[in-house]
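We call the chains A, B, C, D and E, going by the order they appear; numbering starts again at 1 in every chain.
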Amino acid sequence: MLNLAPQDMQAIWLSAQVAAAATLLSVPFGFMVAYLLVFVRLPGKALVEGVVNLPLVLPPVVVGYLLLLLFGQSGVLGPLLQALDIRIIFTLKGAVVASAVVGFPLLVRSIRTGMEEIDERLLLASRTLGARWWDTLLTIILPLSGRAVLAGMTLMFARSLGEFGATIILAGNIPGVTQTIPLAIYEYTNTPGGDRMALSLCLVSIIISFAVLLANEAVSRKFRQRATR
Amino acid sequence: MLNLAPQDMQAIWLSAQVAAAATLLSVPFGFMVAYLLVFVRLPGKALVEGVVNLPLVLPPVVVGYLLLLLFGQSGVLGPLLQALDIRIIFTLKGAVVASAVVGFPLLVRSIRTGMEEIDERLLLASRTLGARWWDTLLTIILPLSGRAVLAGMTLMFARSLGEFGATIILAGNIPGVTQTIPLAIYEYTNTPGGDRMALSLCLVSIIISFAVLLANEAVSRKFRQRATR
Amino acid sequence: EVHLSVAASMTEAIRELDAAFTAEQPGVTMLPNFGSSGALAKQLLQGAAADIFISANPKWLSYLEKEGKITKQTVRDLAVNTLVVVGRPGVVVNSLADLAAMTRVAIGSPGSVPAGQYAEQAMRAAGVYERLAADKKLVMAQDVRQALLYAERGEVDAAFVYRTDALLAEKAVILYAVPAGLHDPITYPVGLTVAGEKNGAARAFYDFLASPAAVSILEKYGFDTPAAAAAAPGR
Amino acid sequence: MNLDVAVRKHYGGFQLDVSFRVTENRCGIFGPSGSGKSTLMHLLAGLLEPDEGVIELAGETLFDSTRRINVPPEKRRIGVVFQHSHLFPHMNVRRNLLYGWRRTPEPQRRIDPEALARVLQIDHLLERGVNSLSGGERQRVALGRTILACPRLILMDEPLSGLDEELKFQIIPYLNKVFSEFAVPLLFISHSLHEMRLMAEEVLVFEAGRMQQRLPAEELARRSLVTGSRGYANLLTLSDPRPRGDLWLYRWGGIDLVLTEPGAAGDNVFELAAKDITLFKRHPEASSARNILPCRVEGIFGVGNRIGVELACNGGRLICQIVPDSVRELDIRQGAEVVAVIKASAFHRLY
Amino acid sequence: MNLDVAVRKHYGGFQLDVSFRVTENRCGIFGPSGSGKSTLMHLLAGLLEPDEGVIELAGETLFDSTRRINVPPEKRRIGVVFQHSHLFPHMNVRRNLLYGWRRTPEPQRRIDPEALARVLQIDHLLERGVNSLSGGERQRVALGRTILACPRLILMDEPLSGLDEELKFQIIPYLNKVFSEFAVPLLFISHSLHEMRLMAEEVLVFEAGRMQQRLPAEELARRSLVTGSRGYANLLTLSDPRPRGDLWLYRWGGIDLVLTEPGAAGDNVFELAAKDITLFKRHPEASSARNILPCRVEGIFGVGNRIGVELACNGGRLICQIVPDSVRELDIRQGAEVVAVIKASAFHRLY
């Protein structure tokens, strides 16, 4: 059933790389933003949240265009990136950026939901024991929102596996270089008799995400075990 | 800045309808699935979760394609739907279905994260007070995961506003009938010089989602107030 | 290295052309980027690396030309396509006027899909467009492939697609070939970008595209070549 | 009540293994921290599943590992007052209180919520959210919530800790009244021997997961004369206080006792420590003690250097604690006549 | 310690408004449920912000509403043992215990974790997750966690409720030792007058959000002779127990007392209820009481029908509770000579 061409294998490998990189890179930022939104009093909070949610509200293709405007040679960050000799457009970095941006709101939302459920009195207890805010953040909030972070990561990883619109604009659809699974699927649908191959790739996507899901469950159960009875 | 054509106004109205309908229709199911995944012991849980996550993992276009296979005239449910005189394809119902399916994993994940943080001992307490499982579900679990449900709804609403891939396949792009904001934006961006109009529509999207976000925050704060000190 | 930005509908043909070219010139790496013409154009506009742009539509190419990204002198038509109406076997279409009796007709979205524009032109010329549009019978597909998909699944009675796409169909058949006179010529223009002009390999490939070997590959995938099209009547 | 329990539960290093049958209506569980008291409650209420064993209440099998019976908590109708109140954070006090009540069929609702709230002194809190309550207030709400569910059996895990004495002695008689009026049996965990005697008829003594002893609460109190740190206390029901100078005369059986404390009309329950009774061979002369009662020795018990003497004083019975030397010196043996001297201030009114 | 507090805090219907200065090293807070005790602790620890007022500890301003000073909790170095333990659920017992300790600079770590864990009897639990602990175990871990943070001031909210007496009296002397050794001042909430006397030197009495009284713990106990339900108890330090027959002889100042209870070598603290002392005009004849001490009356206090008599017995001091009639009959006035009779079993060893 899964008779994959070598170029499909490449797409799978690229997709896994992109999803993993996008997820791992986003987690620290996502955590920070969620912390900010939940625990820090600041005036423009609604605005921050609105901005974080943007990539969710806009069609991915539009997100791709906006990113293109941002990172392109004549874009806002173009000259800076060029000076640093960093290429985003038509590279795997672009795919990672696209996935990260599109999945970010999901990550933040998930972490937030977890953080909001933390018993505030534990944070107070830690502070009376001499922990500064960053200490409490690392030793109480982080572990206690561990499951929510994991959930967010799974969500984001899955989303990255399926990310198409922003990626094709920012990273292009170059087989072997930036062609991830969704792009390869797209290409197959433009090919006579490609449906079968497209289906195979879909299955691969599903299998990968399933594996990630199971891993998440396993780790998450550990977290849970520590908090029952 | 926001000089919108009448057909844009239609798209906005359609989009709002679709996002609201998709969100509201999905909530009961999302809640049930989350409950199942968190509180009920059943063997094929991982499978259920995998299936729920499918629409996230697959590119939206593929999801749309699969939905077409399901609901189309020659699809699996086609004859049934035809017998009931329900048309999904090329109607607003199709757009709702597409949005609901694509946003469902986000909704479930969010509700789950909230449910997992509920203190299990409260559930035990309610049961010793004579509450059956469904009673506990309605009187303890539902209100205590209220914030998570809200968060999930916001997420889903936002996602629906941006949903493009599955919608265009299932609902088609019929101006005034199924052309939602993302579809209209897509048209504009593919027209040389249409960028300005596309941007206007993006802004509208953002404003709507922002309003929903603020509403969510307000309601959520109420929930939170009741659980502090 | 040669960076190609290619309209998605030429995917298969370009892959074979690449293979043929690299067989002749080992050492050259071909990096094709497939997408919708509009997306490709925007990428180019933002300075994405590309040497050759093959568009499904002269409009985007001339847009880039105006923006100074493509050198005008290198622009020429690579291939020509034909618009056809497809549908389930058994449906009879003798002229575009017959479409008026149908419940749903899929076309590419005229705003964004070239095939849609050609279809609109043709239908307007046949005088059926206004009625279909007023009755909301037109389904605007995201691209030609989607229009074909609807025809395949029987969701629409007819769909306007290119002949090259119709060849991909399994269930749908060509019901009617739209006379070329009813719409603008369907050409796939090719052009070298400013960067591409300086890239020897890119130039070589650009030249290769005009070679008989390339023409036969294009024809194999259902495209006409400009020369052949010029010879045909009605052009 | 007829509660039959024979269960075994293993937790990491801890093992609970008890088997008993309780027929008393009010039963206490006594034991050091970590001895398995709360675990037993969870098992009885169906919140934890025993590894093996049987639980039967009033002839109905609630759990049986061999027959694979395990009645779910909500069908057991066993009320639990948890060690930590576990109030529902999203409901106000009233809704918490009435949670179980609303789930009780009308005919079984035998307790008046208003009256209960008044006794627990939470009637002014009804509309408050529970997250703003003080520790003691939470505990009282939890107590009320369980009682209002009108269960067949109530399990209480230290329901009165964290309450001041005054409040405690207002609540205890009410609970006793309610529980006996409606014949609701009670299993009561406490670290206070005092509370235990007032609330329970029989006591199970736990130690390291096993039931070490079971004995009447009265007996436990007597033993504490020997082993406990505070000794035995007599509980006397005295009636009809009448003033006499600064003091009060109470009727106790056939005689009057002189007390410093005033009481309510009718019956009053007073505590009198066994150590507060001094015995004399003959009627002593001028003493600061107000009560000088001739008694007959009915029995002697106890070990080591603490001897309990059971006295019959004109129909009433008293336990007095003395040392072995005194037994010899005063020639105390069954049937001997002695004089018991009790200070008017020795009586402590409970309710 | 020098703790200056003058704060006001408004909550819905409740208003806390107190102002006091504490210089004693160990200070108790006493008051009925809902009187604002926990609220005060939260204010002191910086977990709640007063509406207005000033808090100063050892000369340092921790809070001042007019100067807009509000030192954050982690910088106040005030330890809190919460009414509900609030253990960190994701850490085991050891990591909970050491949480504050690890955040204390090396030179300020003055308490040995191992020794503390032993005293609290949680040394066998160190590797356990805190969610599997029993109620009393949790409370002890919370107590240990706060003490190990070696704060400048410790606030304790009913830290000993839920523990059995035996354990309590093992923990109290240790705490006293540690707190006085390292001069860690203590604010201690309890509903138990008994605990209060053992732990605190001075007591603030709260009622409905206000400080009703402040008085030495000793004085509170004396007043309880009048108003309380259990009366005053003498606390005696007795030394060098020697066996004598079934009983034990202890040294108390210049004289020996006869007790039923054995004790440890060196000093032992015993409790003796004022009511347990009977006064006689002359030396009584054969009595079951073992201690017959000639004393001089040093003072008389009290109101109504409970009179406290302060006695000097060969250097030691005792408070005895009697009734007014006895004062007349025995002709008790300052300087009078009387005989105090105490049963050997009347002494109750605390530690």
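To be clear about the criterion, a contact is a pair of C-beta atoms (placed from the backbone, for glycine too) under 8 Å apart; a residue touches a chain by one contact, two chains touch by 3 or more.
Everything quoted here is computed from the prediction, not taken from an experiment.
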Query raised in the report: In this assembly, which chains make contact with chain B and also with chain E?
Result: A, D
Requested in this report: Kindly list the shared contact partners of chain B and chain C, in label order.
Outcome: A
Report summary line: Maximum number of contact pairs occurs between chains D-E
Report task. Between chain A and chain B, two touching copies, which fits better, same or different residues at the interface, with half of the numbers shared as the threshold? Result -> same
Query raised in the report: Using CA atom averages as chain centres, what separation in Å is found between chain C and chain D?
Result: 91
Query raised in the report: How many angstrom lie between the CA centroids of chain A and chain E, rounded to a whole number?
Result: 57
Report summary line: When centres are defined as mean Cα positions, the distance from chain A to chain D in whole Å is 60
Report summary line: CA centroids of chain A and chain B: separation to the nearest Å works out as 19
Requested in this report: Two or more other chains in contact with one residue: find those residues in chain B.
Outcome: 65, 186, 189, 228
Query raised in the report: Counting only residues that touch at least 2 other chains, which ones in chain E make the list?
Result: 132
Requested in this report: Going through chain C residue by residue, note those that touch at least 2 other chains and give them in order.
Outcome: 42
Query raised in the report: For each chain, which other chains does it touch, given as pairs?
Result: A-B, A-C, A-E, B-C, B-D, D-E
Report summary line: Interface with chain B, chain D side, in the complex: residues 45-47, 72-74, 76-80, 82, 84, 86, 88-90, 99-100, 103-104, 129, 131-132, 145-146, 149
Query raised in the report: Which part of chain A faces chain C closely enough to touch in the complex?
Result: 61, 65, 68-69, 71-75, 78, 89-90, 168-169, 172-175, 177-178, 186-187, 189-193
Report task. Over in the complex, which chain A residues touch chain B? Could you list them? Result -> 46, 49-50, 53-54, 56-62, 65, 105-106, 109-110, 112-114, 116-118, 120, 147-148, 151, 154-155, 158-159, 161-165, 182, 185-186, 189, 198, 202, 205-206, 208-210, 213-214, 217, 224, 228
Query - chain B-touching residues of chain C, taken from the complex the two chains share - result: 36, 38, 42, 59-60, 63, 104, 106, 109, 111-113, 136, 138-142, 146, 149-150, 153-155
Query raised in the report: Considering the complex alone, what residue numbers of chain A touch chain E?
Result: 119, 121-122, 124-133, 135, 139-140, 143-144, 146, 223, 226-229
